[in-house]
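Okay, got some structures for you below.
Each of the next two complexes has subunit A plus one other chain: subunit B in the first, subunit C in the second.
Let's look at the complex of A and B:
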């Protein structure tokens, strides 16, 4: 029982990472209908930015984290302005935009390796601080992940529901043409969408970089699980993406209770296939009736 | 008649010029040696530091002395992406386009798929650090390390000798590693011990806390770690501490000496007993002077296999006939390298058993119980 509980706690921490990435990806997809695969490159960029701020410029940790989130948001915005918007203005097909996004992911992965090398860049030496609590082990990572999830998701939901810009984003996601007719500046709003979604990736990388260091390809595997989380939670519904992320993190770790570690990837694939066959609309698919963001 | 003689003379002169010219060109033609490794991904930095660097050092030293049989050594690299199919493509490209006569490679999942192609093209596969026994069943492969089961056997014997009654293992999901684990489990059981659990993880995994938590619950006396690169070793030792898993002894392989372990914190490796090959201190100094960090056993093996290859070319008297070079390696007899003395008696399998070392006060020293 203790083992199950420990695996559940480990899964929550992993789930927080997946949830942040999934929500960031989903907010961009919902607002723009684009599969922004370069979201993985933005995630990695945040990691390298964090390394530069903390290890090279020796900034305080809190300031470095804020700047890294800002840097991720900035890169996402630049991708929108210089890559995606020109393609949309030329009426490029969704397939062309997808290929462009994949190209960005590959390009940035290679660029990171060129600039920083393929070595793992560590932000922390030695094991993470841990705390024993009723025979359970909680690392600093668990605590930070919990705090991040408790703050970020409610704040994001409040923003989307209670603020003018948040309601505008939801309107754009619901019906882009009507939103434009009603006077919403979709170009400016898309920039905001990319900033928020990419900023979430910057927060997510903070959960990983201190633990595992930064490598050029670190965003790719996280992006894949985030995509599965969006599908599992229900495409088009942000709380669903978050729920999907947490669910995947938990079942991935709980699977270790009975299965070997080599089956963890199969578990993620299995969840994807199961939902695609039996509930393609995802857990919260019923929310799509009203297309709530 | 006279005209015919003149024409013949011209013909003979032209023919002689061609032969001599071809010989001269051949003498200056480099000896092309390929390297097939994952140059991207989790193992990339380990490959760069401990596989590529020693081969480059050996090639440079040879070239500084005028090459091998008067011919310079030229190195070519291709990325295998830690994928067997990509390794085969890489070898094919090196053989067909770059005209290499041998490749240096590593990792069992990458080496085994290359062998049939190497056999077909008569390319010598120098796989010094691969441990799977099937590697040297090929007539074109050479290894410079104990086979996989020897590491497991050595670790099981020392664990039993130290009074460990129970053990658990955590390992990379890799064919050669599985052989090592099976050998450990079998030897440990034979010596009266009990293996309580075996956990695995994929090569690209970075979070093994779940598996370590599961093994911690079994409360084994000893933990045996077996991986094929430095980064997973570093992550395992770090996460071992984070989940609060403190077995009486931890056993591993030489990768505890890796830079990655030192970067994350070498104190985490304190007390780990591991299998390795002894490294010549003079080589360590030369390597450190060239690259700024110390070599590990793998770096020594890759250096040795490269020099063995050069020496075999000299003994064969040719750098063009790969059959003769291969035979020169296989019948080399005793080769004294920087990580030990190897005996090649008709095959590419050396006769060598690992030694034991321990991390003591941050230093890597010989271990005797």
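Let's look at the complex of A and C:
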């Protein structure tokens, strides 16, 4: 019982990571209908930015974190300006956009390996500080994950519901043509969307980089779980993506009770297939988002 | 000479994979990320049936093709009826768990060590030898795949597939059973990929998880789009260029960095630039 509770707590921390990643991906997907697979490379970029700021330049942790989030947001925006927007302006097919984003993912992963090598770079010497509560172990990372989730999601929700820009983002996601007719500058707004989505990836990477270090390909597996989280939560509904992320984190860690860690990918895939067969619209989705390819 | 022959065989294997992937992506609009995994499933099925079960090469190869087609159907049935993006994400997951499963199902796949000692194809007492013999064997099989592909994309079938690719709603209105056709074509592609997998293990006489990874999948997509989708010539040009291109590095000599990583960076960049400036590929004609 205690073990299950411990795994549940670990799962919540992992879930915060997936939820941040899933919401970042989903906000971009909802706004642009593009499968931005290079989001995984943006995530990893944040990790290397942390390494450069904290380990090479020895900046204070708080400053380094903020700069790394900014660096991720910047990379996402550059991808939008130099790759995705020109592709949309040329009326490229979804397949072409998908190939380009796959190209970006491959290019950046290889670039990280060329610059930093393929070894794991640690942001932290020794184990993380831990605390004991009634036989349960809580690491500093768990606490940071909880704080990050408790701040980021409510702020994002308030932004999307209460502010002009937030409403514009939702309008664009809901009906792009109508939004443009109502005077929303969709190109400028898409830059903001990419900045927010990529910034969330920059926050997410902090939750794993301090614990497990940084590697060139770390983004891919996290992105995969995040994509499943988006489907599980319901495509088109951001709180659903967050809930999906937490759910998958918890399922993944609870599965450790019976299965070894190397089956985690299979567990996530099993959840995906179960949802695709029995509830493809996701937990909170009320409709299937279909699009012709 | 031996090395040139090896390169030619590798190009033929990838051409078989590229042309079958193009049947899915280019002609039917099925954006499949599962081709490398199905290729691996075909390779492993062949290896397990010949080495562990002791079947002859031909029944093993036929069984591998059927396993590939059946796996594709099994994955396609729940996912192809949903929208395109769900299918893409599901296949993305399929690709990554197949690698996981190969590594973890040790009794069946020998985990990270792979399976050795796959027999060469034989006809009666004649065992196809290394060298020109196996080259000819693989060339004939690849030609067979190209021929079936060509039959599918000529005459009535082509119009039906392109209708599905270009506008599913219109295709449905025209009385085409879109989902059934897509599942059929996807299984056919799975069968082809498994066929190529069987050919590859007959050539290498070894199968390991390293050949069917995400990188392979991206390489296959790159081959389709470098040559140009919807182009039979492109399905030869793409693999030839991407296989021969790394050979250029041989003349540069050791430059102190990992050549494979540089290649990967260049593939990635190439894909982005192609999509921006020449989405139809180098020898393709229709738009991407």
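In the analysis below, the second predicted complex is superposed on the first by the 285 of 293 C-alpha atoms of A that agree within 3 Å, B and C clash if a C-alpha of one lies under 4 Å from a C-alpha of the other, contacts with A are read in each partner's own complex, and residues count from 1 in each chain.
Please note the rule applied: contacts are C-beta pairs under 8 Å (C-beta built on N, C-alpha and C of every residue); 3 or more make two chains touch, one makes a residue touch a chain.
Since the structure is predicted, the reported quantities are computational estimates derived from the model, not experimental observations.
Undergrad: Based on the superposition on subunit A, does the combination of subunit B and subunit C result in a clash or a fit?
TA: Taken together on subunit A, subunit C would clash with subunit B, as the superposition shows.
Undergrad: I'd like to know which partner A:80 touches here: subunit B for first, subunit C for second, both or neither.
TA: A:80 sits against neither subunit B nor subunit C.
Undergrad: For A:119, decide between first (touching subunit B), second (touching subunit C), both and neither.
TA: first
Undergrad: Quick one: classify A:265 as touching subunit B (first), subunit C (second), both or neither.
TA: Both partners.
Undergrad: Between subunit B (first) and subunit C (second), which, if any, makes contact with A:253: first, second, both or neither?
TA: Once the two structures are laid over each other on A, A:253 reaches subunit B alone.
Undergrad: Which of the two partners, first being subunit B and second being subunit C, lies in contact with A:221: first, second, both, or neither?
TA: In the superposition, A:221 contacts both subunit B and subunit C.
Undergrad: I want to verify the contact counts: of subunit B and subunit C, which reaches more residues of subunit A?
TA: The partner making contact with more of subunit A's residues is C.
Undergrad: What part of subunit A is shared between its subunit B contacts and its subunit C contacts?
TA: 113, 221, 262, 265
Undergrad: Residues of subunit C touching subunit A in their complex?
TA: The contact residues of subunit C facing subunit A are 25, 29-31, 78-79, 82-86, 88-90, 92-94, 96-97, 100-101, 103-104, 165, 167-169, 214-215, 218, 221-222, 225, 229, 257-258, 261-262, 264-265, 267-272, 274-276, 279, 287-288.
Undergrad: Please give the residue numbers of subunit A that touch subunit C in the complex, ascending.
TA: 35, 83, 86-87, 90, 92-100, 102-111, 113-114, 220-221, 224, 227-228, 230-231, 235, 262-263, 265-266, 268-269, 272-273, 276-277, 280, 288-293
Undergrad: What does subunit A use to touch subunit B in their complex?
TA: On the subunit A side, the touching residues are 2-3, 6-7, 10, 14, 113, 117-120, 122, 125-128, 130, 132, 137, 139, 212, 215-217, 221, 253, 256-257, 260-262, 264-265.
Undergrad: Which residues of subunit B touch subunit A in the complex?
TA: Going through subunit B, the ones touching subunit A are 39-42, 44-45, 48, 173, 198-202, 204-211, 213-214, 217, 231, 235, 238-239, 241-244, 260, 263-265, 267-268.
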